[in-house]
Structure formats: C-alpha cells, structure tokens
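So that you can tell them apart, the chains are marked A, B, C and D in the order they are listed, and the count of residues begins at 1 in each.
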Amino acid sequence: MTLPNEDLLQIYEYMLLTRAVDDRIDLLFKQGKIEGVSFSSLGHEAIAVGAAWALGPDDVVAPLHRDLGAYLVRGITPRQVLAQFLGRRTALSRGRDGNTHGMGDLNLGILGYVSPLPDQLPLTLGAAMAFWVRQEPRVALAFFGDGSSSEGAAHETLNLASVLKAPAVFICENNQFAYSTPTKKQFAIENLADRAAGYGIPGVVVDGNDVLAVYDVVHKAVERARRGEGPTLIEAKTMRMRGHAAHDDAFYVPQELLAAWREKDPIRRFEAALRQQGLLSDELAEEIASRVAAAVDDATTFAEKSPFPEGREALEGVFCDV
Amino acid sequence: MEVTYLEAIHQALEEEMHRDERVFLLGEDIGVYGGAFKVTQGLLETFGPRRVIDTPMCEIAIVGSAIGSAMMGMRPVAEIQFADFMACAFDQIVNVAGTSFYRWRAAVPIVIRAPSGGGVRAGPFHSQNPEAWFCHAPGLRVVVPATAYDAKGLLKSAIRDPNPVIFLENKYLYRRIKEDIPTDDYVVPFGQAAVRRKGSDLSLLAYGAMVHEALAAAEVLEQEGIDAEVLDLRTLVPLDEETVLASARKTGKVVITHEASRTAGFGAELAALIAERAFDYLDGPVLRVTAPDTPVPYSPPLEDFFRPDAAKIAEAARRLAAY
Amino acid sequence: MEVTYLEAIHQALEEEMHRDERVFLLGEDIGVYGGAFKVTQGLLETFGPRRVIDTPMCEIAIVGSAIGSAMMGMRPVAEIQFADFMACAFDQIVNVAGTSFYRWRAAVPIVIRAPSGGGVRAGPFHSQNPEAWFCHAPGLRVVVPATAYDAKGLLKSAIRDPNPVIFLENKYLYRRIKEDIPTDDYVVPFGQAAVRRKGSDLSLLAYGAMVHEALAAAEVLEQEGIDAEVLDLRTLVPLDEETVLASARKTGKVVITHEASRTAGFGAELAALIAERAFDYLDGPVLRVTAPDTPVPYSPPLEDFFRPDAAKIAEAARRLAAY
Amino acid sequence: MTLPNEDLLQIYEYMLLTRAVDDRIDLLFKQGKIEGVSFSSLGHEAIAVGAAWALGPDDVVAPLHRDLGAYLVRGITPRQVLAQFLGRRTALSRGRDGNTHGMGDLNLGILGYVSPLPDQLPLTLGAAMAFWVRQEPRVALAFFGDGSSSEGAAHETLNLASVLKAPAVFICENNQFAYSTPTKKQFAIENLADRAAGYGIPGVVVDGNDVLAVYDVVHKAVERARRGEGPTLIEAKTMRMRGHAAHDDAFYVPQELLAAWREKDPIRRFEAALRQQGLLSDELAEEIASRVAAAVDDATTFAEKSPFPEGREALEGVFCDV
C-alpha cells in the first residue's frame, strides 16, 4: 500500500496535532484546570492515527482513552476535546462525562466509550452486526488495551464476531502495562495476537510506533472485513509513555524501558522518513507546526471561555423522547 | 382471537418485524429451536438468519452488540434465556445501555426480553425477579406485563421506544392465561397503570403474575365485605405515580405485592412514594406481601411457602382492613 | 492515634492479615502499586505475592476465585478498583456468593471491598453507589462505613464474618476525615446503627458520606430551633431496624438521605419499613433526599446539583419540621 | 499409565451405576415425579468417571450437569442423588436446589454448581488458588461445556489460572451441542483445546468416549498441576445422547449423528475391552449389574420415602452464623 503524499503529510499533521493537544491537556491538568483524572495518548499516536486513516467515511470507530488521534482524524475538533476535558457545555458530552469518556459522535461514526473496559468491543461488534444484517459494505473498528484483553467481554466479542464473520476489526494496543500491571502478570504468552487462532481469525502483530505499518495492517483487515471475510485481531506493540493517568508517576516502570521506547518515538520516526523521502522540508515542517500550535491555542481559548453547564441541566435527557 | 400470553409476545415480535425491517432478534437458541419457551418459534423461517440470530452462550456480547447495532440504526430485541442470566450482562445493561443517551446523546433503542418469575419449580436460577435492580439504574425502562393484551401492546411499545427497555415476561403466565385480543395493530403506552378492579376499602398494588393473585384475593375479600381496588402497574419505569397515588388517597390503605424478595424490592419504592405523597390520606400502615429474603427454593413446599399468592395477600388485606 | 478513613481501612487489612493467615488479598494493582487509592500500600512487601495478588483485569475471575478459595478455608478480601465495576462481576456476587450457603451449606466468607461514591469529579463510572442492588440480593451483607473508627471496626467484622460481605468504602471520605482510634484490636458489630446526634424534632437517617452532611445539616437546623437526631446506619444488611424504628417513633418525622439515585434506592426500603412499622407515630410524610435518577455527571456544577448535601437535607428537614 | 485391575472394574461399575441412575432419573421424570427440568448424563460416563478417577483424595472437583459419574466416584450416593432430583429434605441441598444444581459436599471435595455457566470455572480456580496460597500439593478440576466455553467467565478463568500457574485442570466436554446450538454456530475452530495456546498452557484433545484415555490425560494434567507447572485445558469430545433436558426431544440433532455416536458408546466399548482382557466374565458382569440395580432401587425407595421439606424451612440458613 502506498499512500499519496498528501495523505502522508496529513497523517503527520494529525500525529503532531494529537501530541500537541495531549501536551496541552497535561498542562491544563497541572494548572489545576482539569478535574478528576486525565489520560494521555503520548506514544499512541501512530496506532490511533494510522488505524483511523485506514477507515472509509462510512465506517465506524470506537476509540479508547489513548486514541486521541483517532478522534481527531475522524473529525472531532481540538475545541471539542478540550471543552470535554474542562467539563464545559460545549463539549460532546456537555459536561456529563469526563476526559475522553463519552466523547462520541454518531455523525462522525465515532462510538463513545464507557469506563468499564473493554465494553467498546461488544459495542463495535454490534455496529458491525448492523452492517452485516443490512448487508452494507461498512466496517467497525475497535481499540482495546492489553489490560482489557483479560476481560470476559473481550472473549465473548471476539468469539461471536468470528462465528458471524462480522465486518469488524479489533486492534489491541499492547503498551506493556495495564495501570501498574506489566504484561507478564497479565498473560502467560508473548503475543496477544496469537489468541486469534483460538477464534479462527487472522492475528497480526504490528509495530505500533510505525504509523504506516499500522495503517497497512489495519487497511488490509478493513478490506478483508468489507469483503465479508470476517474480523481480524491486530496487536500493535507500543509503550505507554506517561503514567496511567496524570496523577500517576509510574514509579513501577523501569526507566531503561521508557528510554528505549523514547528512541522509537512514532512521530520522530515518521518525520525522519518524510524528510528522507524529501516530502518534508524545514519550511513545511514549520508551517505545519505553527498550524497545529494555533489550533491548540484556539481550542484552549474556546474551551476556557465556554460556559460550564448549569446544575439543573443534570436532570435533562436521561431518556430520549423521539 | 383468543391467545396465550406467550402467543401474544410472539405476535408482537412477528408483527414488528414485518412492520419495521430494523427490528431483528438475537439470543441463545431462539432460531432453530424457537427459544427455550418457544416464544420465537417460526421466526427464523420467516425472517432468515440475519434477522433471527442464534448466538453462542455470551450474554455480555449479546447485550453489548445489541446496543452497538441500535446505535447504527437497528432495533434489536435480545433474548436472555432466563432473567437470572441478566446478571451476566449487568454491566452492559446498566453502564452501557442505561447511560449512553445521557452522556453523549446516543439513543439505545433496544429491548431485552427475559422470562422471569417462579412458581414452576425451576429453582434458584430460573425463577428470579430482577426488576428492582433495573429500576435503580437510571436510563432504563422496566416493563412487567400481566396479561396477554398488555404483553403484546407493551412489547410493541418497547420495540418502538427509543430507549433501552427491560421487558420481563412472566414465565408462569406464558401458557396459563389466555384472552381475546384485537387483531389490529395496537400499543399499550408506558406509564399508565390499569385499574383491574375498582374498590373503595383498600388498594392492592401488583404487577406481573401477582396481578392475578391480587384479583383472586379481591374476590375472596369481597365475600368478606372488603372492597379491594386492584392496580396493575404494567411499567415500573416510567411509573404511573398519579394512578398509584390516586388509589392510595382514595382508599387510604395499601397492600403492595411482588414476587421478588422483600428488601429493597420495588415494593419499597411504592411504599416510599405513598408514605411521602399520600401521607395525609393514609388510614393504616403500608403493607408489603412479597417473597422473603432468600433465593428461590426448588422443592414444591418450599417454593409455595416462598411465593406470594392470593391467600397471603388476602391475609394482609384483612389485617389492614381491620386496622 | 489520629488516622484517616483510608488509613483505618489499611490498618484493618494489615492487622487481620497478621492475625489470621487465611486472609489474603486479590485485585487489580493492589500489590506493587498499592491500590488505585493506595489502601493496600506496603502489604505486598509485608505479606508477599501469595497473600497480596495482583491480578489481570478480570472482575468475574477475581470474585469467582475469591469465592472458591473461601470454600477451601481461605478468607479472601477482593478489591474491585471502583464500585462501578462490580457490575462486571454481578453474576458472581449475587448468584454464586449470595446463594451457596443457602443451597448447599458452603459458607462464603469473602469480603468485596470497593470505593464508591462521588463528589470527586470522577464522572459516571467512578462515582456510583450500588448498595441497593446488593441489599436486594439475598445472602449478602452490605456495609457502608461513615467514620474512620467504623471503617476499621466494620472491616474487621467483615473479614471475620462467615458470609459474603459487600464493603463499600466511600472515596470522598478516604482522606477528608480523620479521627483518633484505639490502637487495640476492636470490631464494630454488624446491625447496630449509631445515633450520631440525639434530637427530638426529627430523624435524619444516613450512611456513608451522607452522615457528615446530615450532621452538618443538623447544626444549621439547631440554629433555627430544629432539634434533629442523626442516625448512621453503618450496615444496611443486616439493618438495625429497632434503632431506626425507635428514632422514627420518637420524633415522628423522618428524612432519609443517600448519595445513590432515588428510585428503588435503599432509602425506599427505609421509608417502607417506617411506613409499615412506625405508621402510628408519624407526624408527617417520610421524605427522601437523594441523588436524582440520572447517571453521576462529571462537571462540577452538574455534580454539585446531583449530589445531596447539608443544604438540601436541611431544606427538606425544614419543610418537614413545619409540617 | 496402567491401572490395577481392581480399579478398572471399579471404573466399569461406576460407569454402569452412572447410567443406571441416569435411566432411573429419566423414568422418574416421565412418571411425573421430578418437577421442573432434569438433565441427563447419557454418553458422558467416560469423561465424568475417568476424570474423577484421576484425582487424589484431597483434590477437589467441580462437576456439572452431565457429570453424574464424577459425583458418584467422589462419594455422593445414589440415594442423595435421587433425593436431590425429587426435592427431598434428605438431599444435599435439602430441596433448595434442583437436579444436580447445588449438589455439592465440601467434605467430599465436591463444589456444587450454579446454573449460570460456566461459573464453576472461577470457583475451581479459587479452590486451586487456596492450594497455591497455602502451597499445598492439591489440585482442583473443573468440567465445562462447549457451550459455556463462549462465556467471558471461561476466558477470565483460563487466563488468570495460567498467569498464576494455579494447580487447576479444566476439562471441556464438547458434546457437539449447547442446548440446540451446534458447535459450528458457537465457534469458528475445530478444537477448543487449541485455545490453550492463547493462554500459554497445554491443550489436549481426548476421545471422551474412551474412559482410560480420559483418565490418562487428566491424570497427567493433575500431576503436572501438582508439580506446580500450572493448568491444562483438556477437550473431551463426545456426544450428548439425550435432549438438552428431559423436555427436549432434540429434533435438531441429525439422527445419523446420534447413530454414529451410539456405536461409540463408552460403556459398551469399555466392557468389550475388559472382556477381551479377560477381566470381565459373564458372571462378574451379572454380579456387578445386579449390585448396580439394587443400589438404584434402594436409592429410589429411599428418595421416594424421604420427606419433603416443610415450607417454613425455606427461611432457614440464608446466612451462616458460625
């Protein structure tokens, strides 16, 4: 798969934007402006952006707490993201849910997630099932973590999806830890992708810090699903580069491990490749960087100026009445 | 046409599937076998394997995928083989289905049907009455039909409702009650209790199979000169508070009954509602006739002792009438 | 020694693990990390990896294996990282833990600890108050400590109890309250409510974090000449019905408060109990001050509106006092 | 593994007893004496008896609804079994639970099961965990069905057990159907044992109609677990020879399939082998058969004469008070 140059530059910009928004979230949290918890997507840019890029406009995605890039690629704006983290009325959840939780928009084909993990897996299977029932050539893609791979919901979903040959793709972001728990305490195997064999579906391991590699395997899996050949389980290996959430200093993560992964930074790597191919000049890099910076500043201003919801709004819209 | 409670449910499914192609069914053994109670019998043949999906045993995935498909415009009706197994999908029901519209405006028009209730010697795990749990989970509708007419009309409302609906069929009633119901399309709206019997001395509040026990109790009481009003709540969420309160205010004496165990059952909510909003009209304590706080036992003498019935309701009503 | 609510819980775990080698802990991130709230910090170092087990994310297996180990003579204390995720293990809790002793005499001495409650901007899935669900599941004890003293003494009782105990810690209180507690071993028995403040005009019934709001309300009310009695229920199952009824009978006016949403919450059970067994003594409707029937919203103005507090309790009490 | 002749004859007798009790249950159901549902173990004798035989006296077993043989081998009497099906006070559940549900006895190392499947898997893991915590050389064995292999509880258990290297053995009875649902609608693979690879544990397929083969693989797995090497997943292939429960005529099961499996009847096969080895004479066979028949008759009389519990007993013993 070779993507047009234009796509490559857009992917690059989305990765930068993802990181810039993430850094801003981190800053806002440190400034005490974000209440509760705050999750970072640092290190996950290649997986989220690369995977989302592989979807068609009518496909559906269920991103998780480290998939900021996927939300952005699918059209959620930095304004909406920061308003969400700041609990404002202008956010997609109108202040009802925090950080990326419940940051869904059906018009954009994005399923919001709930905290119990990995509940977006059966949800995504359901979306795929709708396409399967209606025989539409659409695909649903879900992200989940190494941690939530141990949950019963993961198994039930993978099994039912494989029996139905539902047009779904499941991408497990193995970032070495579930909160403080390293993978070796989570499962007694090397590659989670190997579980695919237990469902009779393809399992693929991919370097989660190589955005084009991610794009590639996801694209293949999406097209396979679209052809009616059923789901694929992809395991993207990466590293969670901040603590579990902003309050967590991740003392339990060996420094050498972090240092080694820092060398593999997905953005620096992709940038180097683009430069080597002559696609990215210093000027263009600067232009993109300043566009990204402006977007994040604009989003910050927007979010901070956005009103909080009023208390009474809490009562509205528990039930849908149309 | 005289149909059983079970046939009425079957008709509602079949008619809604004809009316709206977004409606599809999923669950264990609902296709080839026609469902553990044969509610869905024949629907696979009529609608094919993409609209009547036999799943593996996986309640989490059944409910979760129903929700996801609803977000994509479908109107799934998921069957959980016995209401007792809803516990396996509890997280999906309360955390995903119940909150998505509130949190990010994603409506979840699903129906989760499940046979509940006892009296059929089915033991601790095929007899439960979990309605109170779901009433305490914001965002869910909870429907508990007592008659064949209602079972059909309420299921149609449930399928057409844009919200997640817990539809608790009472398995004791499946083949035990029969009535003439219209052949034309009709719905029974949510939130409207039915006064099954007018009365002036006291109010019996019931739902599901206990409506019939309450009516039987009322007949006995009538012989004794006690004129009982019998309300069938039909839906617990939304609850027809006005009809409940009007009856309580009129008679001043209320006996609440349900098959579920007592503590923190839905009867408590009814009693609390009345103790708050009909207080001035009360002429006696609000009584509850419920199952005790035990699992549902299997052996006939144990289950008979456990399960509320007309005699137990009449006994409480007598005490209250004499108050 | 002055300790926080959180430290009190930690002490109970540590002391019980020293006292009884059958006690062991399992859960997510409880070992190396010391738990999401650091309740179990240091226990891995003291007791080693066979008594403080860091599990993968698997609530079903955590609770289910705790039950199985208890049947083999252990005294497991399982942590569910947030009470909201108990929904994932609901079947294990209600169907397996709650019924095994009744069905085949297999006692299940497990404790399931979980941080519950809101007020910390944690949103819909890290703030829930699921106590009523468990009160409606026969065979479970439900414990809801409000003070550091009680948190320790009740947890010790929980660990020593031969039954499954749902131990709902209130995360708002973890580091916000502190008190002197004895250094000697003590337990707080189940089923004994504490009268936190004596009063004659009306009764405020509360548990968990709401005890402190009720006490704050009582102070305000005192200024206004209203003498409120404040009860801390401590355990919901078993419930100290006598103390509740005695207070209701004495004051004749009752306000019930809890953080959980209203419909079919435990407040309903309390109101029902009072409406049945203290009816003759009531001088006004039984009021409930609870969260509304919505998920727990995240944004501060929404959550503040949602969550009951002293002002809302005082307001209800004033209305009732004037009745 | 060669078992002493004495063991072989006892195994044979337990298999016969299992079938005789099962036939009696079927009869009692048809006579209207068993209320509610009634499950049959027909065809599962080799799995239940063979597996239970492989356990040591201090080991623990969690049998299911088709494992009558395991209950009997571990010491539950035919009297207790029939009293249980008839809902009598003399039953292990004292009438509180029906058929094999809740037919546990901790003194015999038998865990009673609940209906939601496969909840005895985490329960069994818990028993194994207790042994692991206390470092006792004991093993816990659980049965589960092809149907319940699709449940989340199965996955969580297998995964946690493998991470802990818990001394547990999991034996999946693949009897081709879960209620009316054939395996091909349940999973998209041939052998459920292949899922073991996804947990880093051994997976073994065994002929579930060959009692000695079952004994052999279970014995190996038990000893492996006892040595601290962790769990094994065994898949025993067999066929459910009656309907799902007594009310089910199994119209959905192809007659040819049943006929083919009838040829492989586990008892007839084992009997033929014993005769061929000269271990079973006609006389001995008759002696055993009449002992079995007497036991079943005695159990029937006992159960039918046993009192029902009284209604008020329903209130007793919700909580344990010691």
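Some observations on this one:
Heads up, the rule we're going with is that a residue touches a chain if its C-beta (ideal position, glycine included) is under 8 Å from a C-beta of that chain, and two chains touch if they have at least 3 such contacts.
Treat the numbers as computed from the prediction; the structure is a model and nothing was measured.
Hopping across touching chains, the smallest step count from chain B to chain D is 1. Following the contact convention of this document, B, D is the list of chains adjacent to both chain A and chain C. With chains reduced to the mean position of their C-alpha atoms, the one farthest from chain A is D. In whole angstrom, the spacing between the mean C-alpha positions of chain A and chain D is 45.
Separation between the centroids of chain A and chain B, computed from CA atoms only, is 40 Å. Computed centre separation for the pair chain B/chain C is 30 angstrom, with centres defined by C-alpha atoms. Counting only residues that touch two or more partner chains, chain C has 56, 58-60, 84-85, 87-88, 91, 95, 99, 102-103, 124-125, 138-139, 293-295. In chain D, the residues touching two or more other chains are 93, 96-97, 101-102, 114-116, 150-153, 156, 159-160, 163, 185-187, 318. Chain contact topology: the protein chains form a complete graph, every chain touching every other one. Residues of chain A that touch chain C in their complex: 35-37, 87-88, 93, 95-98, 101-102, 114-117, 147-148, 150-153, 178-181, 185-187, 252, 308-315, 318. Across the complex, chain C is touched by residues 60, 92-93, 96-97, 101-106, 111-112, 114-116, 119, 121-135, 140, 152-153, 156-157, 159-160, 163-164, 317-322 of chain D. Those residues of chain B whose C-beta lies close enough to touch chain A in the complex are 24, 26, 50-51, 53, 55-56, 58-74, 76, 91-92, 95-96, 99-107, 109, 138-139, 141, 162-163.
Note for the complex: chain B touches chain C at residues 84-85, 87-88, 90-91, 94-95, 98-99, 102-103, 124-125, 132-133, 135-136, 138-139, 237, 239, 260-261, 263-272, 274-277, 279-280, 282, 284-288, 293-295.
By the touch rule above, chain B contacts chain D in their complex via residues 28-29, 32-33, 36, 54, 56-60, 82, 84-85, 87-88, 120-126, 292-295, 297-306.
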